[in-house]
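Got some structures for you, see below.
The two complexes that follow have chain A in common; it is paired with chain B in the first and with chain C in the second.
Our next item is the complex of A and B:
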């Protein structure tokens, strides 16, 4: 141990020297630190008394603090402090705050909600939040949909109907569109004729001769397209069969094709494969009746409501 | 003999310090963790909760979920907070992951919590989303998993179930175990949990559900989507007394 260390007289060292003269002080802990340490020990004892803490046998100390909340049945329940009880109490508060709006939503019909300036403002913000979380992954943030997968909700073309009641029905029960595959029922010529006919309905350049025979097939018993899409091909909303006479497409990627022949090919392949993947989940069990009402008005107001 | 204890003994004796540190930590762990295995209420035993083990197909889906590291971005634990309840639904129960070995709770949420994702989307959406997330959600940062369309290796399904059985999951090997499952879960579920029929059950469920939209063979996608679609759907909370759940904590 090097004796020339000046401070070694006043401050204790660990008694070990490295490299000849490197030493380590051995100061006592600062008083404030020691007392803070004692305070944390006292704090933890108080904490044990207030909150659930020590296990004893097959149970545990529940602590002296408790929480009171009102349950679904309207009864007041008191429980020892725990995060679940805390959530129930917090939900009571959140419901209290939302009540002025949600009880109005529950009490009014769709038109009244849309007309009332205060409520429609609420629907717009709450509806947007609900839509973003639950619907946007499929129908996209603005409701514009994805061709080949999910319908556009902003236009006035509806598979199942754009009235408040129909939209509400869609949301509560979900939907599942089904068109059979015709690839093995009809021959290539017939399918081509039908595709040309369907193309002709929305003004796509087509072969007039094929379209004429397609028209006959469309309403014949062989193809029986008319059964779902109707004689006029304007569709049947009770079956989710779309209007084929407008320029709006969901399953056949007509807008994505540039040349008329590619557009017809897209229609052809839809007829061949049919459509059996349009699944709109049911929300009746996932969302509350008020939330679904808010979403109904929100979707209706996206632009296409009827 | 008087023992004159000095803290320096520990500080200057690294071996002793190591042993004592480990002792202190183990006491903490024993007091905090071990009792949970003995306190009956840990796994909620409340009327209306009857969680079943995964079917063979779902189980393989879960293994793929773990293999692909989905848990590095997704938790499966809805905490009892208002905002989580509003976004994800009812808070997760311990009972819901009682057959999960290892559990997938986690706390890292680059993507949303998946504890109740079952039924939220269609199979079609999941398939597209897993192959190319940005085709469904343009701003997503989730990686593409195109290889999930490859065929599922079903050869070791019975062994996987046996391994879980060894840690307490009630997959049945014997007739007595099978009958116990019929009592507990009903005949239909019990048939699914019988190890001898694992492969047959796996293929049947995949064919019936056609989760990946492709009839040719059972793919890893079939298994993963079957798993995702069952997450959080086993408890019908309209049939469970919410106050009982509070009381079990």
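Our next item is the complex of A and C:
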């Protein structure tokens, strides 16, 4: 059967015969396929001319296309095509597009920005991007902070003041929160008394007797808590000393403890060790004045815009 | 018989050129009227003026940068894309419905590939002459006459393709302005690219590919045939009548009248091959129903003309169903609509169209959406109260500015804090975001699961919209 087939077929062979009768059909590639292949060759040559391609020793063919961009130092740079230059050129373009908004931000004061629907819309989106990039690593994406490390920016309690000017000052100059460690200064009983007094200020179940002696200690020269936290324990914002009478906790994880004695233990441990990690970096050198202004309004808005 | 290698069809069959003969008849008239109507709508609609306050005076304008479609008095925003989806569903259902009833009616009369190919063939026939002249021209060497005629044909094709591309982009910009900008080199790059792509694709698809688009490229053509039933009407050759006992025979002497033919056993088909010559896909309908047939009915026109001139009854090639042709006594062909499939498609078309009409008729003048800020889910304030924050986005779908106010329902008004923006005025087609806070004491907060907002447009208070969002509070410790 196969012999008959071979004899009747008219498909060309390549003309060679091996082992007497072993032949090879000559079935060329389809024309369209061959031409597509030629087109890809032409394409690659055009590509070499435009984009960086062949390595030559330690260098390479750069191609004839180039990209012009303005670098961070404000110099205009023209380089051969590369993705970094492309990114810079794109960033230049983005800056150009944001410019009208940022110049409006620069021309208006905080209140005006917050009350203008268009500008506040811009602050909401641009501020979110800036916040995500610069602030969220510590303060978290939504500004909720982390108890024991980074303050919550969404509540109505501000260590250094929540006005536009104070937030702006915090952003530009940074802050350094500090509380001395009282573990070496006071004895265990005194510390326990103080912890019970502080708990009583926020309505946490406590030992009334200890709290009463803690209250005396609080305003005494021995412990001298009132220097920073004031007589009424409402804190001094110029020193970043927190208000101890509200329900908001930053350093002692009181909300995280279930039982009252654990809450008091958390307060006690903060009194013993003090606080020496409340560092907010200064952003004045890193961000542009307009960016800081956008962030100020954004953060102010996070706290409810009071 | 064993199939030898030489009889196998190559994987890529080279195109056998099709030179169609023009024909007159009812189906030709219908095809021409569809063509003229479709071209009139496609090319003239962008030039139809329509009075508008806030947009160019163009009746149909797909304003892509403005993110809206302006269709007469209807303005569509991206939120309304469901209408487009519904429209496509309805179009698909109509296609299925028509196919089940009358076969590939879309392919034969309405498909743009058919329309443009038809127009290109018409141009070809006007310049190069009727079928025999075109075949002769095709076979002859490249003489001056051939170069001129073929060149002129291609030039007209290219111009028609170019204007097709132009006609398309005019829907995406204010037509008079866009045309002026286009020819002065000021239009957007995308306009030139679109025109270039459409010019080339139209030129190749209608000038060169033609029926190959239907047979090799188009998925519709292939899947429409699976929607055929034995009762579906389609273009059929009545083989029983045409072939008779001894097959078809030309009308030579002794076979000129029906009586003579029937006596001698010949069928009614005089084998004039006109049905083959008029076919735009180059098939022989007498070989039966086949996938290349687009049901354009031109062979019916051609055959009826011949039957008339022979004095034979019409309808040797006609719209009929397989079931009817197979019957011992075929009846007059008619629509078989009393089938579950057909009725089902029909009912679904009616329902979808009714819903679309209702949805467009009852559209609101604005969109309002409340989303709860979920990072953090809730905030404990210094006095122990619980705050949840919300973003309220309003989109003004009116043609004029509108001011929106937000109120709270089911809770005292004092718990709602709108911050700096107590109301927002939104430009037509734009959106604005309001920040809202709801502050509850811990006891109420534990009980509250959701908050209801009322968004009221000042000019249309009757359209106030109620939106609910969750309220979260999980007491710790």
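Observations
As a convention for this text, the second predicted complex is superposed on the first by the 209 of 306 C-alpha atoms of A that agree within 3 Å, B and C clash if a C-alpha of one lies under 4 Å from a C-alpha of the other, contacts with A are read in each partner's own complex, and residues count from 1 in each chain.
As a convention for this text, a residue touches a chain if its C-beta (ideal position, glycine included) is under 8 Å from a C-beta of that chain, and two chains touch if they have at least 3 such contacts.
In this text the structure is predicted, and so the values were computed from the model without any measurement.
Of the two partner chains, chain C is the only one touched by A:32; chain B is not. Of the two partner chains, chain C is the only one that A:257 touches; chain B does not reach it. In the superposition on chain A, contact is made by A:120 with chain C only, not with chain B. Touch criterion not met for A:186: it reaches neither chain B nor chain C. When the two complexes are overlaid on their common chain A, residue A:301 makes contact with chain C while staying clear of chain B. After overlaying the two complexes on the shared chain, residue contacts for A:157 are found with chain C alone; chain B is out of touch. Of the two partner chains placed by the overlay, only chain B lies in contact with A:279; chain C stays clear of it. Looking at chain A, you'll find residues 140 touch chain B in one structure and chain C in the other.
Within the complex, the chain C residues that touch chain A are 2, 4-6, 11-12, 373-376, 379-384, 387, 389, 417, 419-421, 424-426, 432-433, 435, 437, 476-477.
Chain B contributes residues 12, 31, 35-36, 38-40, 79-82, 85-87, 89, 91, 119-125, 128-129, 135-138, 213, 242-243, 245-247, 249 to its touches with chain A in the complex.
Those residues of chain A that touch chain C in the shared complex are 4-5, 8-11, 30, 32, 114-115, 117, 120-121, 124, 140-144, 152, 154-157, 203, 243, 246-248, 254-258, 263, 301, 304-305.
Interface residues of chain A, counted against chain B in their complex, comprise 14, 52, 54-55, 57-60, 71-72, 77, 79, 82-88, 90-91, 94, 133-134, 136-138, 140, 146, 149, 277, 279-281, 286.
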